[in-house]
Each structure stands twice: as C-alpha cells, then as structure tokens.
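For reference, the structure discussed in these notes is given below.
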Amino acid sequence: MKHVIDPLDLSVEEITELLDVSNDIEKNPKKYSEICKGKKLATLFYEPSTRTRLSFEAAMLNLGGSVLGFSSADSSSAAKGESVADTIRVISCYADICAMRHPKEGAPKVASEYATIPVINAGDGGHQHPTQTLTDLLTIRSLKGRLENLTIGLCGDLKFGRTVHSLIKSLSRYKGIRFVLIAPEELRIPDYIREEVLRAKDIPFVEVEKMEDVMPELDILYMTRVQRERFFNEEDYVRLKDSYILDMNKLKNAKPDMFILHPLPRVNEISTEIDNDPRAAYFRQAQYGVYVRMALILKLLELEA
Amino acid sequence: MKHVIDPLDLSVEEITELLDVSNDIEKNPKKYSEICKGKKLATLFYEPSTRTRLSFEAAMLNLGGSVLGFSSADSSSAAKGESVADTIRVISCYADICAMRHPKEGAPKVASEYATIPVINAGDGGHQHPTQTLTDLLTIRSLKGRLENLTIGLCGDLKFGRTVHSLIKSLSRYKGIRFVLIAPEELRIPDYIREEVLRAKDIPFVEVEKMEDVMPELDILYMTRVQRERFFNEEDYVRLKDSYILDMNKLKNAKPDMFILHPLPRVNEISTEIDNDPRAAYFRQAQYGVYVRMALILKLLELEA
Amino acid sequence: MKHVIDPLDLSVEEITELLDVSNDIEKNPKKYSEICKGKKLATLFYEPSTRTRLSFEAAMLNLGGSVLGFSSADSSSAAKGESVADTIRVISCYADICAMRHPKEGAPKVASEYATIPVINAGDGGHQHPTQTLTDLLTIRSLKGRLENLTIGLCGDLKFGRTVHSLIKSLSRYKGIRFVLIAPEELRIPDYIREEVLRAKDIPFVEVEKMEDVMPELDILYMTRVQRERFFNEEDYVRLKDSYILDMNKLKNAKPDMFILHPLPRVNEISTEIDNDPRAAYFRQAQYGVYVRMALILKLLELEA
C-alpha cells in the first residue's frame, strides 16, 4: 500500500512518471475518462479548503470515478471524539482512496498507518501539502519544458509558507537550480531550510528584500501572500507590504518567458492588471493541479490508461 | 460563451425552445439520461438554498453528468478573501458549467465576466433568480397550455419578492396577459415595475388588498410569503396576515381550472388543506424546476438529445 | 410504496432475504455495480452523522447510482421554517429514494406519509435506527453463521442506547437467543424492554454489573459507550467506568470464536490493544453496514441483480 504524505515520499523518477502521465492526460483527456469507473474517492476535510477539495473531486470525476466525504470537521465524527485511526479504518470500507486535510500536523501520517486504502495528504496544518508541490512542479515543467537549470524566485512569506518549503526541497533534487529568496527580514526562510537543504546540498541561493533588482534573472517567480498578522508591528507591515505586491511596474524588467506562479487564493499580492499578461500562470496552475491529482490517483490505485 | 444572469437574458424564442425541450424531457427522460456524461456542474452556493441547489444537482445527475461544489460560504475560499473573479477562473478549470448563488447582488454577473464556462445565476440577493422564473413559466405553460391570454394573480409580498418582479417582467412579453396584484398597502409592487414595465407596455393590471373579490377571474394564483419583519408595526401584521393565507374558504369561488403556484418554501401562507386539491400545483412546480434546469444546462453546454 | 422507519417494519422473512442479498453482494460486488444506474439517493441529514451518511452514499455509489443531499440542518430549508412534509414532497421530485436523519423522533415517519419515494430512517433522535440494526444482524449472521441459538452479551449504556433496544427486539424474533445484559445500575435496560419484550416473550436473560464473570458464556459481545453525562454524580462514574472498558485482560476468558461488535464511534470503551485480535469485528461491521444498505436500497427500489 502506497501513500503520499510528504512531497519527498515520491522519488525523482516517480515524479517524472507522474508529470508525464499528467501531460498525457492534458493532451488526451478522453483516454482517461472511464478508467476509475466504480472507484470512490473519500475527501476527508477536517478543515475547509474549497479549492483543494474541488480539485481532488474534479480529478476523480474526470477519471469516471465518484466522490464522497465531508468538507469540515463540524459535520464529521471527529466532533464525537473518534480517533483518526478509527475514522480511516471505517472510511477504508467506504472508499478506494482518500484525500485528507487536517489542521493537525501528522494526522494524515497516522491515518496512513491504519488505512487499508491509499491516503493522500491534502494539507496538514503548516506542515505538508504534497499535491500543491506536484502542481507547482508540473506547472514549471509544462511551461518551461524542464525542471533543471532554472532560477526560481520565491517571494513573500518564506518563513511560514509550507508550499515554499516543500517546493525548495523538491526542486533541490534537480540539477542547476538557483534560488532567489525575496522576503522581508521578518519572513526569511527558516534556518533549517537554509542550512540543511540549501547549504548542505550546495545549492546556490541569494536572499534579498526587494524583487525589483532580481527580476531580470528569474525564470519563475513564485508569489505568496504576506499576511499582516505575521508582523510584530503595524509600522513594519505598512512599510513593507507594497514591496511584496507584484504590479506591472515591478514586472517591467522581467524576462518575456518568465512565469508567475501563486498557490492561490490570492488576496492583493498580485495586481489584477497582471492577470492577462502571458506570464501570469497562476490560473493555468489550477488546471495543472487537476491533471496531477488525476495522475496521482491513478498511480496509487495502480491503474493505467 | 452564453450565461444566464437575468431572466430577460433569454429571448421569447429562446424561452419557447427551452420550455419545449423541458416538456420533451418530461415525456422522454431516458432520451436525456446520458447526454451530459463526463460533464461536471459546479454548484457554488455562497448562501444555503437547499431546494435550488438540489434541483440543479438532480438536473445534472438526470443528464448523466456529475456535480461538485459547496453549499455555504463557510466552506468556501471566500472566507480567505478571494474575489469572485478569481474563484470563477479556478472553478472554470474544475467544471464545465456552474450555478452560483450569492447574497450580493451582481456577483454572478461579475463571475460571468471572468468565467470560461457558462454561469447560471441561482439567485443573487433580492435581485434575480432566472431559473425560478423559467420554472414558473414552464409550470404555467404546461398546466394551462399557453403563456398568452391569461389573468395572473400575484398575492402576498409584491414589494420585496424578486420572483414576482421577474415573473411580471417575463410574462409582460406575452400577448393578452392581465395582472391582478393582491397585496397589503405596505407590500405593493415597487413603482418602477408599475411605471416602467406595466404602464410603459400598456399591460392591464389592477391592484387590490383582498383576494376573495378577484378570485373568480384568475387563471393562475401565484402565492408568496408575507413576512412579519416586513411590517412597520405588529398591529398591521396581525390585522393583515390572515388575508394572505389561502384556505379552502377563499378558494371556493376560484375557477376549477385555476392553478396555484408558490416558489416554496411555504410557511403557512397556503393552508395544507389545499395540498390535495387538483388546483394545487406548487409541488408539481418543483418537478418542472428540475426539467427546465436540465433544458437550460443542455442549452448552455450546446448539447442536444 | 414501502418505507423502513422501524427495524420491525421488516418481517423475519424479509430480513433473511436482505441478509442473503447482502452476502451475495459481498461475494459478487461486480454483479451489482450498475444496477442503480440513473437512480438517485437523497441523504437528508438534519443532524450530522458522517459515518451513517457516508455508508449510505457508498452503498448507492457501489450500485452505480448517484447521491445528492445535505449533511446538516444549517444548509437545509428547515432553517426557513419548512415542514418535513413539504420538504419530502419536493425531494420526491429530485430523487428516487431517500435516507433521513433527524434529531426529532418521528420525523422520518411523517416524511414517509407524504413521500412518493421510499424513505429510510437513518436515525431519529434516540428512537430508531433500522439500518444499524440490520448491520448488526448481518454481522452476527455472517460471522456466526446463524441468528439462532446464540448468547448475546450487551454491555455499557443499555438504558439510552437505541441500537441496543432495537437489537434486543429484533433478535427476540429468533429461536434460542439468550441475553446477558451488562450495565451499571444507573444504565440498566428500561422496564418496557424487560417486561414487554423479554418477559412477555419468555426470552432467557440475566442482568449483571461486571463483564468478567459472564465473558466465557458469550457468543457475541456488543459494546456501547458509557457516557459521563449519564451519571448523577462524578463519583459513580469514576468508580464504574473502568468496568465498561474492554481490554485484553477482560477478554482472556472469552471463547475463541466470540465476536466483539460496536456501533461506533468508539471513544475509549474498547482498548485499542484489542483491534488486531481476530475477535474484534467492529470494523468489519462497518463494511457489513455498506452491504446491507445496498441490499435495502435494492429492495425498496424493487431492483434485482
């Protein structure tokens, strides 16, 4: 039984295979439209995450399967004090595969230890969110044609953003990757990423406070939200926030084939004036998220088109 | 790309076509049972409306399609501050068509401007609810055989009831329609309907306070709820409320082939003693609501049986 | 039109037939996988019960049908004051069969009087929960090979536990059943069960406070939760609670072919050390719950494989 709890649960070879299948799905959706007929996905969302949940549901429906589940803990047995271990053993009787979102770090890992069906971590607290990472990788590879030899800018909240940490760890497995880390002092990447991932693997990176200077170097600009509540004082927030809002002016020195990604939802960190720029890839990213979840469901159910 | 935001977005010809398809669906449901295979409807309900949501879902399932979505804003990304424009662009990656209910007037219109899939307004605040209007039109035409030359009684809250306003505007496009508007002083139809629709188009109408006197004239009696909170004082409410409760006694002078409609949910404005009277059509109306939504989904997806 | 509101709505012959179909489903799931194609189940859950709802949904999906509904009253029209009678008449236009969970006793019964589709009571307050009883019967018969000549231990809260009452009434219809009722003084079975069921039908039973002494006699041990709030004082609760927690030590004198059942969710009344013991049948019970709901849906829709 194979589960996906951490993005690094998948080897580079497995990821390549998943992205290949994803791209084939993109080209030939019909080929996959009945492959999960009779199979059921359980979406166990102990906290709401509409986008992620609907992306999984769309993926399973696109494969001809069906979906059951819950979208928040209020409507689940968790309220009655049932353990995740018990819930997943029961859900294993109801479905063929499950996607679990949980506010508590490690919950999907525990579930995977008791499940008799594959468990996909759909986000556990600030911890892991492997299908977001797979989405990011598929988007980058599809748009740039490769996952090697790229300069990746990561901008915004690099301290708390789990998607950023996972993406750094995952991209660190490819050759020729260079990171440009754009964040305010308060929201720089955590030491363990800097030391145990980047320096330990001798991966080139720079850390800067403003995106304008580094814009011309970037192949990918991965934006994240800078939340007011992350700052110690309002003054710092007001002083800094505009530096982390991408607009046409900041974009003017970017390469014409750079792409802008964002895990969404966006609040105001990317000006809507950019939405129609060909470099804006964040909505295409949502589409890639469906393809890669389709590929992952197939892999875990050991089905092939 | 065609959307349905306002009942008047559809021409009289398009409505005729929709009602014809609806009646064909009623007669030959099997013919339509696989036509949307592989298609997905997103039900985006930013406020709960079980009846409308389930009617849309039943419609899509009857067509062999599938459904994903959310039933209230708590479980949606709206809580994280995402704009309707962004949400619909993402949903466009997940589904082939969507039905949106929103407490804010105009939200489905905004969605339609950014969507790459057809958007159906499933009710926006007190504003529009086009599939309710289509349901009403289908019910009337199916039961009376025509949408022309009818005397239509509208009873209850004619001031705030959006279904009533839409129905007046839509029926005003047919020949020989006469309206009998039955409402307390406080809840008479708004001036803009009286002036810009009825008088401007020279449509005969009368306004009365009590339904008994006009009952014998009516071909259709469209009941709506009179809500206590609409009245300035309790005294007026108590004095008037019984006048707007339809019972067997008030019905005794009605034509034998008059039909009673109600958008539901009913609270007490139609006595349950009437439910088994052959003129009570409000539950059949719910069934027609499914047929017309099926026809509308087909039209917007450009599918034919 | 046949409904299932009370477990005793089904005759012994009908139950035998249902359990036979359930066992056939278990052996030949493929045979049943398209039988409900085009049919829709409405899950009307006026209070959350994830396990029961998902079991019904899995059942309908396994039969090739589809599902619509709501998972709590907030998202239903009940909040707008609609009666159950009106709701079910509308739902009858949307679905082919429905499962209703309601906090108010008797609500599914009322629904069945107005429905034009079969209604299954999925639990009404502390009253009835017939599919749980069917699940229990199927589990016992599947594991023990019979529903006759068994010594059934029922342990925990025998006063308020509706599953226990229904199970006693249902098993009382079989020959050679003997009950061992294990409960604290405060939570003994109600008089009406003792007098009107057990004594009236001359069914042998004993009532004890501790499970250790009776363990060797049991063919089935049906555990339920002892809730703190059922006790008049904390002292009694603390003194007694450990007596109603099943652990390996208490199990040591049990027959090797005894089976442990539990309606779930479990909180701590069965130690997790027992989960891997071959006698622990409570998770298999969840699986049987899906099979028996499949069989019941088929029966009520008058469909055969």
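Per-chain numbering from 1; labels A, B and C assigned in written order.
Here, contacts are C-beta pairs under 8 Å (C-beta built on N, C-alpha and C of every residue); 3 or more make two chains touch, one makes a residue touch a chain.
By chain, with names taken from UniProt: A, B, C = Aspartate carbamoyltransferase.
The structure presented is a predicted model; accordingly, all values stated were derived computationally and were not measured.
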item: Interface residue identity across copies subunit B, subunit C - same or different by half; value: different
item: Angle of the C-alpha superposing rotation, subunit A to subunit C, to the nearest 5 degrees; value: 120
item: CA centroid of subunit B to CA centroid of subunit C, Å; value: 41
item: Contacts with two or more other chains, residues of subunit C listed in rising order; value: 66
item: Residue ranges of subunit A touching subunit C (in the complex, touch as defined); value: 38, 40, 42, 66, 68-70, 74-77, 79-82, 85-87, 89-91, 93-95
item: Footprint of subunit A on subunit C - complex, ascending; value: 33, 48-51, 54-55, 57-58, 61-62, 64, 66-67, 71-72, 264-267, 272, 283, 286-287, 289-290
